[in-house]
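Naming follows writing order (A, B, C and D), and every chain is counted from residue 1.
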Amino acid sequence: MTEIPLTHVLILSSLLFIIGFVGVVVRKNTLFMLMSLEVMLNAVGVAFIGAGSVWQEADGQIMFMLVLTLAAAEIAVGLALLIRMQRRYRTLNIDVLNQMKG
Amino acid sequence: MSSLASIEGLFYLAATIAIVASLKVVTGKNTVHALLYLVISLLAVAVCFYLMGAPFAAGLEVIVYAGAILVLFVFAVMMFGLGIDETHNAPQSRGLSLWVGPVFLGLLLLIELIFVIGNSDLSLQLNNQIVDSKQVGMLLYGPYLLAVEISSFLLLAGLVAGYHYAKPESRGGRL
Amino acid sequence: MSLLASLPLYPLLSFLILISFGKRLSWVMASWVSVGAMGAAAFCSMFLVNQLSTSDTSVITAHMWQWFSIGSAKVNVSFYLDALSAVMILVVTGVGFLIHLFAAIYMKSDENFTRFMAYMNLFIVAMLVLVLADNLVLLYLGWEGVGLCSFLLIGFWYQEKSNVLAARKAFIVTRIGDTAMVIGLFLLFKSLASLNIAEINQLAQTTISFTSNSMNAAHSDAYWAALLLLGGAVGKSAQLPLQTWLPDAMAGPTPVSALIHAATMVTAGVYLIARMNGVFLMAPEVMNYVAWLGGITLLIAGVAALAQNDIKRVLAYSTMSQIGYMMLALGAGAWSAGVFHLMTHAFFKALLFLTAGAVILALHHQQDIFKMGGLLKRLPVEATLFLVGLACLIALPGTSGFFSKEAIIASLWSSPTAGPSLWWCAILGALLTSIYSCRLFFLAFLGKARFPENLVISDHIETNKLLRGALFILALLSLFGGLVTVDLSSLFSSYKPSVVSSIDSPSWLHIVAIATPFIGIIFSWFYYRRYRIVTDEPLTASHSAWIVFCRNGLGFDTLYSTLLIKPYCFVAKLNKNDLFDQILMLIAWYVRIWRDILSVSQSGSLRWFAAAFGLSLVGLICVVTL
Amino acid sequence: MMLTFIIFGLLLSGSIAWVTDNKVFAGIKFQAKWVSLLSVLALGSCFLLLVYFSNQNFQQLQLFERVSWISSLNIDYALALDTLSITLIVLTFILAVVCILVSWEEIQEKSGFYYFNLLATFSGVIGVFSAVDMFLFFFFWEVMLIPMTAIIAIWGHENRYFAAIKFFIFTQVSSLLMLVAIIAMAYIHQQQTGVMSFYYQDWLMLDIKIGVAQYLMLGFFIAFAVKLPSVPFHSWLPDAHTQAPTAGSVLLAGILLKTGAYGLIRFVIFLFPQASENFAPIAATLAVISILYGAKMAFAQSDFKRLVAYSSISHMGFVMLAIFSFNEIAYQGAIVTMVAHGLSSAALFSLAGMIYQRIHSRNLNDMGGFWQSAPRMGGFGLAFAAAAFGLPGLANFVGEFLSLVGAFQVFPIMVVFASLGLIGSAIYGMLLFQKTFQGVPLKQVQDLSVREFFICGSLLGLLVVLGFYPNIILGYAFGVFA
């Protein structure tokens, strides 16, 4: 019987999530933004696994797998975009891509 | 206070490592170093998973996340020279002032989340029973079959999109 | 189709032919068509008048079709010929025919000859409709039609800016009067429920609510209706306060001035008042205003005529002043005298204008009398004809003008709506008339020739018998037209019983009236001595402030310009961009401001969006948990 | 069936014109303008035959179609005609021919799509004039609006987007007020009878409390007053008219403004007689202000089309004054003015288009002395300007005279002020004519071609015929008010 309260798992998840979030907002390098996104996705995974463990259900892990799939697809597209961006603009600075401004 | 070797101790240690590594990822300057820190973070989380009674998830985390996705990252960085920008040219993210706003926002969010978590009377404890891969598999190919199919489509779409964007701009098509 | 109905058709047909063939018609063809149509119309009207005077009925009518109906009242396209309109059609077609004949020769060399004759014909159509109309709406059609033709003919030489402006001025000033008249029509219809002229004249006397107003005894419907109709008459007949357009209208070709701005159109106002005598008799106050307007106008115009340099402008002011006489007569209730003067004036003023035109043409379009002089020797026939015209204008005994003007003056003293003061006005006016006539004659025909010596008097006027013939007929009419007594008294109703005259005319009035022109002539003989004798001293128009003031028509133009035109233009310019539009665009401006403010948030920066996402997450959690 | 065929036939032939004006069909001599001209002529004669042979008493609304459309809300597809709408539909067909003829050479780009829009607008207008289900009416009201906006925005002059958007926003916002009123009416019907109804004849039976009716009336009134247009909602009109292509201006001034007047008569007056009678003094005041303000603004303009546009505001003021004086004579005047203004403003805008094609300017200061080189054009210009300032003998005079005589019985003082508009109209009419055709000849222009002569001649002919024999309309359309 472990004595890890669910609260702690959730706090871990929150912390990771917020670290990732701050990274996404602060970093201008798109590569780092992608990495921060990975951290955030991972944090979500922690929360799922924790919840699944509390209720002894496999659903948490399944959800984690879906998140994993999502991360894989996202990274594939994201990296391809990065490559494209590097070719076209010779930089990975995300602030260059601001043509959508109103 | 139980010993470090106990399960709880290991969990908190892994969690601390994960957090510190993540912080290093976010604040790092060298791309490759940051990627390696990310690997460490993922591995630490994998340990947490294992300790939380999800060995299958932990395995997936190590194999797929750290093994496949991060390797993809490293490949991309190495092959297409994506790391150059950050390490050599761009003197960015240096000023502390840039960090103030987001960190403040992040802290605010954190406080809120902790407040929410603390307020809800979740006195639940984690169960040390292992949820093994068999259960996961039964469920995955039972009620979640549709989700699996959809994920496969998602991956296919990722594949197609990745191929489309990454191929050389032969006809001058726009981004 | 009765003869009466066909009367305006001849000139209309001619107009249509001329306008559709345009310049393809040769001069001969065009003049045959237009003058011939006028001749036919003149003949036709003589026949009609003969028919009218010999038959028992006092009225000939022709109904064509129903135009429209206002409620139960029908507005027909119908003609109505009684003695009054008979006089008018005789003048219009007779004098019109002679002027057409003159114009065909006068305008021969103009490249737009057919267009000119077409307009003249159209004018006659409109004028005939005006005088023959049996209801006020049809009358208004003719009324506006003559206004439009007058506009077109004043601006006939449209390439000159001054002509264009004069045409516009004439149209708009008369339109102001017309609008008053239209409102008068509304009022008449409201109170009498009819727009038929004969019916109105009858109903006006019998409808009690029309003449007495329980709310406001002084200003009954009749008062307002008469006043508004007077507004129309004043505009058309160039009386105070809408007289300013007439002198400028002289920008048109001279036959136009003769036909429209002397003989026919400007007397339409007189005709209108005489026509609507039933209404005017019910409003003695308005009759009094009519008399006073006429009296003041004739004095003002007389003074202004004294200071003019342009031969046509002298005649224009003289026309204004003579119409003042007619108004005076109408105001005094001397309907027949007024209409009689209208007729004689048409004869002699047409003669004067046409002769002036001949002189102007002979001098190669020189109109300034200070650049004429000594023409008696060079153009003896024209000088004699002009003298005849002036004699009638001054009202020398025996001429037609004498009979008509005497009839007017005689009626004034004892009239309940005029009176001795207006009688004196008329006498003073007669004095002024003889003075300015003498001045004009002396300057133009006597004295030293002030045009260049080598100027060859162009002789195609000299030799043209037709042209001379037209002038001679007019001269004969002017001299002897007065012998035809026009007695229309049976047509007109008499005053309200409540208005009775208590003044008797003293016997010396006649003597004074007859003597006045001679006093004027004697005065001018001495006063304008330097104009009539041949001297070598140079003769120029005076430029003293008083003379210039009079020459400009006693400053009415300036007055209206500062009071009405400039403010209107100023307001128009000020608000060119439409105030309401600006106000509504404020809403658009407000929206745009918000767009600008909010679009700042759409920075296009991904990181910014991520931060916004975070912020809203914070907000959302706040809302959900708290 | 026939009426539906006419409405949708216009849409269909518009689509044919659009499709055939294509590279694929370039080989076939099957031009969009011919398709649309012939179809408008054919459908117009269909309409006349329909009216002639239907043997019905059009003094009352005669129902032609009534099919359930959206049954859950009890919305029908219902079309009906009476003499008022027949008169206006005939006017629409006449001006439709004029519109197509003035675009004959002017529109070279995307002509297929252009004629589609034109015909779609006509079909919307005819729908508006014949719909008796209010939902359907609103639908056609929108159908009319959108292609018109496209015509302005695509084929207009230099400032066309602004004008098109302004036109769209004004009309749309105001018609939303009407939509609210329509839905409220349907709801009231449900409250009173238990079933929802959008059917016009049902609404006539309703007994609405005056307090409520006042607001509902105002909803309709504002929508139609914007369309009419009346001060202070008029400011879309000068921009839209000025920037639209010639046919667009003809269409706007000739027909679209009339839908506003039609709506005022059919819906505001008939549905809310008491409320609109209470409102009449305000409406009449607005009308008088429109008359005077329009005339004054027209005088201040230096743009030919803008001047005519403001004169339209002035003329439609007479219509509104007449409508709100609740007097038979004034109603007659309103109808004649509507038709006469439709013809005369169409004529002036066509003339503006013809001048624009020659000198590529609408500025009056660039014009002058055209009479010398183009006397026929000058003659027509004079006649149409004379129609605008209400010369007796042309149709406008009869309309304005009857309107004012009728209104004078009710609002004498206001009519006195409105009559000042006659002076104002003379001022701008003269300005227009003289600046264009008189003065020193600035340019030599070509005189009217046969096609242009036909347009001007037929419009002038109609104006003169109606001016001397207005009973053609009066005897016919007036029965509606009996």
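In this text, a contact is a pair of C-beta atoms (placed from the backbone, for glycine too) under 8 Å apart; a residue touches a chain by one contact, two chains touch by 3 or more.
Just so it is clear, the model here is predicted, and its values are computed rather than measured.
With chains reduced to the mean position of their C-alpha atoms, the one farthest from chain B is C. The innermost chain, defined by the distance from its C-alpha mean to the mean of all protein C-alpha atoms, is D. The busiest chain interface, judged by C-beta pairs in contact, is A-B.
Per-chain CA centroids place chain B at a distance of 68 Å from chain D. Remark: chain C and chain D have CA centroids separated by 38 Å (rounded to whole angstrom). The centroid of the Cα atoms in chain A and the matching centroid in chain B are 5 Å apart. Chain A and chain D have CA centres that are 62 Å apart. Multi-chain contact residues of chain B, defined as those touching 2 or more other chains: 101-102, 105-106, 109, 113.
Among the residues of chain D, none is found touching two or more other chains.
Residue positions of chain C touching 2 or more other chains: 611, 614. Under the touch rule stated earlier, the contacting chain pairs are A-B, A-C, B-C, C-D.
Residues 21, 24-28, 33, 94-95, 97-102 of chain A are the ones that touch chain C when the two sit in their complex. The touching residues of chain C, counted against chain A in their complex, run 598-607, 610-611, 614. Those residues of chain C lying in contact with chain D across their complex are 19, 22, 65-71, 77, 115, 137, 140-141, 143-145, 148, 151-152, 155, 158-159, 161, 164, 167-168, 171-172, 175-176, 178-179, 182-183, 185-187, 189-190, 568, 571-573, 575-576, 578, 580-581, 583-585.
Interface of chain C with chain B (complex): residues 611, 614-615, 617-618, 621-622, 625. Per the touch definition, chain B reaches chain C in the complex via residues 101-102, 105-106, 108-109, 112-113, 115-116, 119.
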